[in-house]
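Pasting in a structure now, in structure tokens, and then I'll have a few things to ask.
Letters A, B, C, D and E name the chains as they come in the text, with residue numbers starting at 1 for each one.
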């Protein structure tokens, strides 16, 4: 498919750029690590294992949320630096392919951070997953995508705004709070095994629906945003 | 798109781009004031004017990157952005990624242009050679000298084989011999056949009028956001 | 000219009717409706609270409709698109106002009723999110570059409108371990004697909301026209400079 | 003093830039409000009030960490954009004045966020400070300065290093860990009143020493870093 | 610092800047190769050469922004960065903050230059007027046209009233009349008295040799990182 090949082109370019500079991933890693450390200092996970388990879902997602927000802010500035964005606007390939490529690239970065983070998190917080750990393999990517797809979109939307860095959290947070809620609940549910599997399943299904709905709208509206002027 | 070919073939005198009483207002400042201009297909126009006259703004409007506050800008009788596969635009800045080499940059943009009605894309290597850069240079564009950046930027637009080519000060930062070379290249470019018929149109701004003279079928002179003079005459 | 004066007359009439309905609603709520057993007169705040809460859920959709209209007309008919944009701002601002009043009346009520101003209950949280969403819409309008405000905010409006039902759905099962203090969706148990008060107030505040939106819309239109005028003036003034 | 006037010049410029680009305090207010909402959705303060008090020290610092990261990330890229940094290197005023000015600007930014955050935090998290609340007025600025001074310095250090983003986390993380430890312990100690006042005082003193030592080193080394090539 | 004044006074033929077998190597690429050059105080040197010849690298070395891989670069017999209050350097990029207006930018940099041995700073307003910009323009520099940026950048270096002025392609993007005007301005600049005695030195690179001719006491020609020719002769 032609569209797919455009997406791949964009994705490859973004990965290569990141590889050359490693801006986003390292920034995110630093932030998330520091956060884990802060919480484990603040909270003495060894002392209160059950409480730890209760807050760790929240800690994980808040960390990822903030970390990815910093990275997302960066991801479009690169396009803006030498006004490459104008070259992108003039290119005849569909604009949404650019969006999808970038969202996928961001997704990969955040997933890498998660992959590094997960073991550290388990060790520092002394976690034993009481529920079905495999469900996390569904929840993490779904939740991450929810963050990333909207984040990428709104970072692009705020691109030419006067106070870009501030604007992204302002828009993104209220919009994605339901998703944050879903993923925190689902994650905590798995970690503590206190949630009825039926509820758990419903959180996950809702998260998936959220992802599908927002991905669709983002793809549909991206061209409008890119050429808004 | 393919149905359009015969029409284009017949009407060679059609306008490639036109502005109809276009104004562009930033806040309380008018960068373009009621500009009306037509650029016939096959023509080559040099835009002259002092700093801040609105030359770049005019080019960007034709490219579709700016939508006029008032008036209408068209390219090939359509919204410029909708005809973007036939237009190429080079600006003051490189429009290239600093971290990638010229070759990587160009192949990337070439891929974006493939398909979509213009299978006719030149190769990045050829474009780089044409502007006098070595395609195998391992340095990223961010480490190029100013003139080399300008060339890489030129190669980016040339490789897409556009029908309407918009160049914003292509000669600035080029050394004398390359500038002369570029003029030849552009003169040559105008003669390249267009796959679907039609002719190549060139619009460029510059402050080195003498250099651009061989290219100037028409000279447009701007001042304070207005076109104050249009000199037609082949090769001044 | 004649058209604008009929419009103005109509606006005055509408305002008068609104005030009348609100006065009736006030009488119904304060004097006519029976006193609630457990909460006493405090409960009368409910009529205002409910009216604003319901309207606060309706106006976002006015905003959505206006935004969609804007996006549709943007290229086809810029003038119509401008008025759609004006309607979008107006409805967004009134949404923030109404939802804000809901929050305020709720908090005023909650302090005596529960002893706390705020709790992270599902109902309250959703309402807060709704408010945040439209505040962020207004902030985007302030921060975005001048030429793009309308487009960007129209896009955000679509996202926000989709988020509203998602918020309400997703929070449905939230924190079931924690007894929900607000009587929730099973609230069929209103005394029939209270119904007229509810309805009068609802009608009155709805008319008031519509009036506010229309008023804000007119203001925004006037601002847009003035802006165009100023641009035109700037253009002409600069054309006259000798050169 | 001449040096002080240079610092003020830089500070004024940075504040003005900041003001231009994120010109409204409203945005910041809203940002802080959102942060609190996110935390409360993620951590459910109503559910576990005593836990809340224990983690709130950590939550507070993570929030501030995020705010300061946003500020720090921006603060040097702006200098780099049109190679203004080279103009700065060529200017005859002392290089360390530039550093101090920028660190102060970042500090002010984070302090404003703190000033807004504190009351909102207390209301929404339903906190009652059990210890001596006035001590917080010492801990917050000291801790913030510790974050900001090192952050500003290493952001500059990394500016032209080829893999700066790798450098930043690797250096900054171990360096700032002791400070993070001190401020979180001290804050939690005040909030829960569980810490012996003698310990509390010693944490604060240590934090102050940390600040003094690192500020001195940063000022001494900044010129070297700026002209390192 | 003040003890140096009498020496400077006597030795007017002293070199303002000199490079002694300077090489600058990036990775495996030599941007400067064993360059030896001296720029006498009071002289005005135009550096010519094709793109990528190393002109900008040479200027940056003299300014002290690059330290040579091999060899020694000095200004006024000292490390260039230590003499930075007497040197000003203008590059391809503006070196100005996009968000501030020209006036704000200039006053900021002026403040940084005050004190520290050079109380002799011109006023930002005058500098802006001298390059033909309106000091009261409320637009931030980021919204300037390319030529206006170039002028603002020039004003930045002129206002510091330097003894050694390094200009990297000052004429590019300027319209013809302003470029001419700038040449006059620079010629005038050379005659301004230096408070401590001594004379003003000018080094500039350009691709428009004809424009810079009135300024060229000496012409240095570079190719591939080497100085291949030095033409001395007043006003070529």
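What we mean here is this: a contact is a pair of C-beta atoms (placed from the backbone, for glycine too) under 8 Å apart; a residue touches a chain by one contact, two chains touch by 3 or more.
Remember, it's a predicted structure, so these values are computed and weren't measured experimentally.
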Chain pair with the greatest number of C-beta contact pairs: A-D
Centroid comparison with chain C (C-alpha atoms), farthest chain: E
Distance from the mean Cα position of chain E to that of chain D, given in whole angstrom: 39
Rounded Å distance, chain A centre to chain C centre (Cα mean): 32
Chain B and chain C: spacing of chain centres that average the CA atoms, whole Å: 49
Contacts with 2+ other chains: residues of chain D: 20-21, 24, 27, 30, 34, 37, 41, 44
Residue numbers of chain C (touch at least two other chains): 129, 132, 135-136, 139, 143, 147
Contacting chain pairs - touch in the sense defined above: A-B, A-C, A-D, B-C, B-E, C-D, D-E
Of chain A, residues touching chain D in the complex: 21-27, 29-31, 33-35, 37-39, 41-43, 48, 51, 54-55, 57-59, 61-63, 65-66, 70, 73-74, 162-167, 169-170, 173-174, 177, 180-181, 184
Contact set on chain A toward chain C in their complex: 150, 157-158, 160-163, 166-167, 170-171, 173-175, 177-178, 181-182, 185, 199, 202, 206, 210, 213-214, 217, 221, 224-225, 228-229
Chain B residues within the chain C interface of the complex: 23, 25, 27-30, 33-34, 67, 69, 79, 223-225
Interfacial residue positions of chain C with respect to chain A in the complex: 71, 129, 132-133, 135-136, 139-140, 143-145, 147-148, 151-152, 155-156, 158-160, 162-163, 166-167, 169-171, 173-174
Residues of chain E defined as touching chain B within the complex: 26, 29, 49-53, 56, 92, 139, 143-148, 150-151, 169, 172-179, 207-209
